[in-house]
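Next come the structures, one after another.
In the two complexes that follow, subunit A is the common piece, with subunit B as its partner first and subunit C second.
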Partner chain A sequence: MKKIHRRSLLAASAFAALAPRARAAEPVTLTVWSWLPNLQVELDMCTAANPGLKFQLTNAGQAGPEYAKLRTALKAGTGAPDIVQLELDMVRSFAQVRGLADLAQLGMADMSAQYVPYTWQEVTEGRRINALPWDSGPMGQIYREDIAKAHGFEPPRTWDEFADAAKALRKTSPDTYLTNATFSDGGWVTGLLWQAGWRPFQVDGDHLTIRIKSDATQRFAAYWQKLIDARAVDTSAGFTTDWYQSLARGRYAIWLTAAWGPVFLSQFAQSSAGKWRAALLPQWNAAAPSNGNYGGSALAITATSQHKQEAATAIRWLLGQSAPARAFASKQFLFPVLDSLLKDQSFLDTPYPFFGGQAANQVFAKASSQVGTDFQWSPFNDYFVAQIGNECGAVASSGGSLEGAFDTLQARVVRFARQQGFTVAT
Partner chain B sequence: MTYVGLRPGSAAYGRSRRLGTLLLVVPLAYTMLPLVYLLIASTKTQSDLFETFGFAFGHSNALWQNIRTVFTFQDGIFGRWLLNTALYSGVSAVGATALCSAAGYAFSRYRFRGRGVLFAIVLGAVMIPQTALTIPIFLLLSKVGMVDTPLAVILPSLVFPLGVYLMRVYVDQAVPADLLDAARLDGAGEFRVFATIAFPLITPAAVTVLLLSFVATWNNYFLPLVMLSTPSLYPATVGLASWYSTASAGGGSQALFPLVMTGSLVAILPVLLAFLGLQRFWRGGLASGGVK
Partner chain C sequence: MDTTATIPHPPRSRAMQWPGPRSAPILLLAPFLVLFACFLIVPLAYALVLSLFRDTLAGGTSFSGLQNYIDVLGDTNFWSGIAHMALFGLFQVPVMLALALAIAIMLDRGTIWFRNAFRLAFFVPYAVPSVVATLIWGYLYGPSFGPFTQAAHALGIPAPDFLSSHWMLASLANVVTWEYVGYNMIILYSALQAVPAELSEAAVMDGASPWQIALRVKVPSIRGAIVLTLIFSVIGTLQLFNEPQLLHAISPSVIGDHYTPNVYAYALAFTDQQYNYSAAVSFVLGAVIAVISYLFMLGTREGGTS
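What follows is the complex of A and B.
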């Protein structure tokens, strides 16, 4: 830690020599767009540690609305913030339209070793660094221990056990489903496929290799098709009033979710607090465990920022130092991406009353270490994820074949990529 | 006076009335159910919101608590947002009504070169949704440094092509050319003819345009979202959306969902009041048209 600190001091003093003299005299105000609740707390910590940096924080909405606003401002060349929060899967898409500054040129190449490898992979392209990882969403299952006990099942360790438990539960308890499979949520489908070994894109500048249809999708589609056809799982859309209520009232025994799920759930399922437990995601092959990521975000510096150097100092401090990282993890419950924090005993041993005192961080820290590291996002990811949700969601709600959905997706995304000017191999 | 249609009291009249009522129940339910849901949701605590049936009341009445929190959360910024919304909608509605009345009057009562083409452009503009124009407008306003100011929301909202069309049609019907000629003979200038003779005759249509434009700006989300980045300039729509995104981002200790519900309820009350207060003028307009 100390070594890094000294290096960043060195870097900062080198920049100070290059920067105009005015910088030392008056503080720079950096504009920040983020939807994280109470981010002002950590920004104030940053100002206290770096008196030259002040912040103006805007909540431009979560994901979609912020991206619309950001695209407009980038196109106009003015009005974009200095620092912007992006979901991990959207970083490459904004880099593709040259919206983001290259952090490698702002002296951040030395940061790579601090982060969980798969999150670093998501924000970089070769030597280029598009953003710094902020939080992540390694997948896991959270389940109702009381329901599991009453129906005599353990949290399934393999997908085979999961399928058996799903069918068995339908027989004994008509009001309860083992889980709800939210196929209309493209991010959720992607996370599970990531675990199954899916690597739909290889990106090399304007050259794309697209393999949406693969062995992974075939196995995934065949598995879930059986459960859907047997009505062994519910397939309602996620994040609707119905879905919130079903989780809160114990209609679903298991939620296949990510590391941010527990805190999210504790907000609206207060009456079942203490009955929940966290466990690792079921495995395809218990001998060679793997995992995928669902959600998480990063901080980037826009290409139009007039204060790139100062913004770099700020995000380097916010996302590299342990004090703010601890605050993000303990106050806003962002799941950490810093290796050092993921190995920290006090973080790992924190008991959660919502989980009946279970140290849930241990489960998700292990989940994080099992995520495949070579996953690449498409350079038009909002389109891609929306298409997955549309196609798979249609199968879940009105029938059809999941395997067919991936055939359709392969053809459609290849056509779209060519229209966008990419050279496509399949 | 003889009735052309069915006689009240006859069996056929009763049947068709019942059928009509039944047909109206569907759109009534369609418009009222979300409002009823909102009203009920505003009385709930966060856990009741997610754990009790949507159209039934919760275990306790938290309405006053919710309202208090709405107006005190983040140093009471919601009050500021409501005032902003009122300012943007008020100025936009009055300005748009003045522009539409003048333009509609001119299209109806003056003969000038290019009138047909210009009116065709206005009609064409009715077809373009404002959302599609937001990004070009942002590019224009950013050139003159007007982005992130109230004018960035107000100026685009002054343009209301449908209002111009409505006013022109209404002036055609409601303002006799002879009356204007008489005023001119008496020595009134063109502006005075418009303002004191024509305008009172077209007030009912002007109120309609005022209301339509007021509600459009009140409810506008995308334009202010793109134009404004300073939270203290937000209107209620963008502000509530930012609360909602904070809520669904996992506010942890904060129970924000009831805030979004109650804030939404509070934010639609002024529009309801505006409609109730102004419908007198509106109905007057419809009735006077009926007598003619």
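What follows is the complex of A and C.
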């Protein structure tokens, strides 16, 4: 299955009438699972550029529901798509169950230099390439400029300033919170801890070093515990009807979110359009800025695919060429992972009316460059993220110690990893 | 009732004389048996086999005998789910069945206007899929902008947070009651309709009040139907899944991944990838339900209505 296609395709088509079963004459139809709206647009572009490639697109659900189906199909050995969308943090978990093809063996090793380094780190293990990065979520804050003006605060540059502003706002305006801390969202907690220098896993094959409890969690826990105890921040769940309304109606002044946040917000908070601005995440140390990632996804080729080479051609084109990358950024508003696009002036200068004409991409492009590059995900990420959400969420809703939650997590995850047959160091 | 003694039994030989080949019953039963085997027996057997193994991410698969079951018996997450549901059922089931019975009796008395319209209205919630029902209630419960909260604000009283850990079981019970009162009402109503009118007439002749007729004549006559709804409700309670799973999205920090035994089994299989252990949890849950149902049957059998 090496590079026989384009050439032999022409030759074979001459005989197609005589030999109707000649396989090379048939365009290959690749099955794709993705939850990205309107992906068909870019897939059609890909078919136009590569006439031998056709696509059958299925939305198998966003994240969790898709993973459940993918796991079932991989276990069964049939039914999995050729190409599948995975969140960046889940790539290693699917590689662990040997569900993904090694893209290095499909000639993708030369792609590494094109991508933002931390996203490349998320999809690779040593020389092995498990997926190609598609979009990312460097963190930042988006805030209501009108509320900030009315209460006389600037978007906080440090976490100290953030805490002061949170307490001050509670005093002057009982109906408004500076922010809602969604501790039941393990991905959100992870992104903020990533910024604080948290590196919970070092993965070396089936050998894991697990340091969930660390200086980073201690600092993080002590900081947020004070704000929770003082009721200076709300701690409701995110992505609920109530939460959408709270953002749209100005009950929260700041949303600590990622690069996909601005467009996501504009979909349900149109009533507050024009009042929002984007800014960098508050820093622990303003002199040495750092950042974390929250969300983002990748495209992988499944190990069970019968058309790996063709699928490789497809994702190399979709995620490596500038035309589809621009389409993803401008039509679906995926935050780019291609270095070239992040430095592109027309991308950077795009004004967003929702943000009062601010060129929000500039903020998040800078945020992207500040993300720590050596973060590693565990090979059982859905378990891990769910446990963070459970433990931290319970503290946020029912009281208790946030620091204690990380003690519990450390012990529980180590026990789980050992049960799963990993050798674990702490 | 000695009248039954005078009805002659059909001659036994008639069953033997039934024409047609012996294979006919098997043929007629085949569609059911095939589906039954495919969708019940085979999956159950497969789950049973799964539960005897342990498949790990790094260590591969190995036979573990009954170890998974031993682990479930000592798993506090599992038993806390059962305890949650026991507490839930202790309050929710009697309230729901009492409501269903009261409505059924009212409709059965016939003194109510628009009887069919009411009967339909009470039954409609059951026709709403539980997923949709939970989404509706989840919106109504909203702690900042839900209608209840808005109303409380308008009246200047503090709004209860229906999704907090204190209220969650009651909020869930309310959703489940809303969904299933109509269903149980229909079963009880049908049973009431089958109660011979002579019994009520005789009671009226004896000077019984409508209350006495309802409680002393009708309710005892439909005892079997009440026991049936009770057992269905107990089983349904222990298997509760849709409602807590959806409210989990709205209030994830209150409804953890082991709020009910089925939610726990689901999280084990589809989040933690512990399919084998999840299968064992499901079997133990099945056993718990079987034991509790059997105890209920025993407890309600005296009186002989069976």
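The rule is short, and it goes like this: the second predicted complex is superposed on the first by the 402 of 426 C-alpha atoms of A that agree within 3 Å, B and C clash if a C-alpha of one lies under 4 Å from a C-alpha of the other, contacts with A are read in each partner's own complex, and residues count from 1 in each chain.
Heads up, the rule we're going with is that a residue touches a chain if its C-beta (ideal position, glycine included) is under 8 Å from a C-beta of that chain, and two chains touch if they have at least 3 such contacts.
Here the structure is a predicted model, which is why all the values come from computation and not from measurement.
> Contacts for A:N390 in the overlay, against subunit B (first) and subunit C (second): which applies, first, second, both or neither?
Touch status of A:N390: second partner only.
> Would you sort A:N59 into first (subunit B), second (subunit C), both or neither based on which partner it touches?
first
> Once the structures are superposed on A, label A:T241 by its partner contacts, choosing first (subunit B), second (subunit C), both or neither.
It touches subunit B and subunit C both.
> In the overlay, answer first, second, both or neither for which of subunit B and subunit C A:N130 touches.
The answer is neither, since A:N130 touches no partner chain.
> Identify the partner contact of A:A68: answer first if only subunit B is touched, second if only subunit C is, both if each is, neither if none is.
The answer is both, since A:A68 touches subunit B and subunit C.
> After lining up the shared chain so the two structures overlap, which partner does A:Q121 touch, if you call subunit B first and subunit C second: first, second, both or neither?
neither
> Which of the two partners, first being subunit B and second being subunit C, lies in contact with A:T217: first, second, both, or neither?
neither
> With the two structures laid over each other on chain A, which partner does A:Q283 touch: subunit B (first), subunit C (second), both, or neither?
A:Q283: touches no partner chain.
> Under the contact definition given at the top, report the residues of subunit A touching subunit B in one complex and subunit C in the other.
Looking at subunit A, the two contact sets intersect at 68, 239, 241, 245, 249.
> Going by the contact rule set out above, which residues of subunit C touch subunit A in the complex?
Going by the criterion above, the answer is residues 56-60, 138-139, 142-146, 164-165, 249-254, 256-257, 267, 270-273.
> Which bits of subunit B are touching subunit A when the two form their complex?
The contact residues of subunit B facing subunit A are 46-47, 49-51, 54, 134-135, 138-139, 142, 147-148, 222, 225-226, 229-231, 238, 241-242, 245-252, 254-257.
> Report the residues of subunit A in contact with subunit B in the complex, numbered from low to high.
Of all residues in subunit A, those touching subunit B are 31, 33, 35-37, 56, 58-62, 65, 68-69, 72-73, 75-79, 81, 239, 241, 244-245, 248-249, 260, 263-264, 266-271, 331-333.
> Give the list of subunit A residues in touch with subunit C in this complex.
64, 67-68, 71, 96-97, 183-185, 206, 235-237, 239-242, 245-246, 249, 251, 379-380, 382-383, 386, 389-390, 393-394, 396-398, 416, 419-422
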